[in-house]
Amino acid sequence: MEPRLFVASFPCYGRKMPLQRISVVSGRDVAYRLAVAEGVHRALVETLGVPQDDRFQIVTEHAAGSLFCTPSYMGIAHGRAPVFIQITLSRGRTVAQKKAFYAKVADLLLETARVPRADVVVNLVEVEKEDWSFGDGLAQYALEPTEKPA
Amino acid sequence: MEPRLFVASFPCYGRKMPLQRISVVSGRDVAYRLAVAEGVHRALVETLGVPQDDRFQIVTEHAAGSLFCTPSYMGIAHGRAPVFIQITLSRGRTVAQKKAFYAKVADLLLETARVPRADVVVNLVEVEKEDWSFGDGLAQYALEPTEKPA
Amino acid sequence: MEPRLFVASFPCYGRKMPLQRISVVSGRDVAYRLAVAEGVHRALVETLGVPQDDRFQIVTEHAAGSLFCTPSYMGIAHGRAPVFIQITLSRGRTVAQKKAFYAKVADLLLETARVPRADVVVNLVEVEKEDWSFGDGLAQYALEPTEKPA
């Protein structure tokens, strides 16, 4: 059975890549942004099986008046420094995995960047494995055997 | 029938959340950006059933040469100050609802921010209800009964 | 057969529109950003059938420490000036077309902007034809005959 398991799991390995967009308020120091970025990535690694070195993140700062967050929605009160996280990733995570990610990222951002748990706002966007190229002009997750690099 | 309708509509209430990305040219004043942001949100509220307090918006400014908009495409002539709007929202709106949103947002941005109707460029991206967490580490739109906050 | 082919391809013409988000490092000159933007658009035109005048691009600059790119992932070594490209486009391209796009955009960015092929990172997000309005408040790709402009 070992070989079959290997065959079955190998394609999954190649479908992890997320593109992470993280929006924070401006005026914080670099350490804050680094902590937020690190926390989001660590949550992906720990809950969604993203490899440690599969890290592609775009962090943007926004002045007051450019990051609108409702003061309160469905019972959750938001502060003045929300973190909006939008992650595009390959389809296939279960609802339970997504929930584990939301919980973990809220925990980690509180721990490492002092972001209140209420202010961690997350959205996932799922795409297909052929929707990625992370360099060299190849669709790394949808290669035919003949396209594999030597 | 009342209870059934209630049961049927309640889950929908919890699937409204959009994440709104709005890109405008730089050099305008704060009032312009506020008017654009308010207009986009109001159009969502009025045509797609988004609750008034379900407001999460990222507004970015872009210098000339960073916001490329074709001078003309399929008969629509564009000016030098387009507004690009990309909204991620839960799946399930009808084509008619989407069309009503496009019409309303063009009307409102003209009225409140003097954006020519030709220059309101919109894209929607649909996701699932479990793809959202708007705080506290929970997937608010995909909670099991046992996960509900007390 | 000619007429049938024409009939079959005509509706596709109206579903091409992409929204292009391009993230580059800050500190480069305008010519660099123009070359990158032009290269991405040209690759879309040449491989995915996007009309030349269907150009809607948002280019953003990011300081060091805001654009995180893994030093190496799955054997591809990345430098300090990656280009992240996220393109939202209508569903329907084949895997082969997507692969042709990845190869072409890597070639063109190397040629016109000296971006190493390893540093061209691409993600596609597919949406439906009714998810677009490129002006005037209309869903141009999902119009009923009665909605067509005169």
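As written, the chains take the letters A, B and C, and residue 1 is the first residue of each chain.
Going forward, contacts are C-beta pairs under 8 Å (C-beta built on N, C-alpha and C of every residue); 3 or more make two chains touch, one makes a residue touch a chain.
What you see is a predicted model; the values in this text were computed from it and never measured.
Engineer: To bring chain A onto chain C by a C-alpha fit, how many degrees must it turn, rounded to the nearest 5?
Structural biologist: Roughly 120 degrees of rotation.
Engineer: How would you label the chain A and chain B contact, same or different, if same means the shared numbers make up over half of all numbers there?
Structural biologist: different
Engineer: Compute the distance, rounded to whole Å, between the mean C-alpha positions of chain A and chain B.
Structural biologist: Each chain's C-alpha centroid was found; their separation is 22 Å.
Engineer: Counting only residues that touch at least 2 other chains, which ones in chain C make the list?
Structural biologist: Chain C, residues with two or more chain partners: 60, 125.
Engineer: Can you name the residues of chain C that touch chain B in the complex?
Structural biologist: 14, 19-20, 30, 33-34, 37, 41, 51, 53-61, 88, 125, 127-128, 130-140, 142, 149
Engineer: Report the residues of chain A in contact with chain B in the complex, numbered from low to high.
Structural biologist: 23, 60, 62, 65-76, 78, 84, 86, 95, 98-99, 102-107, 117-126
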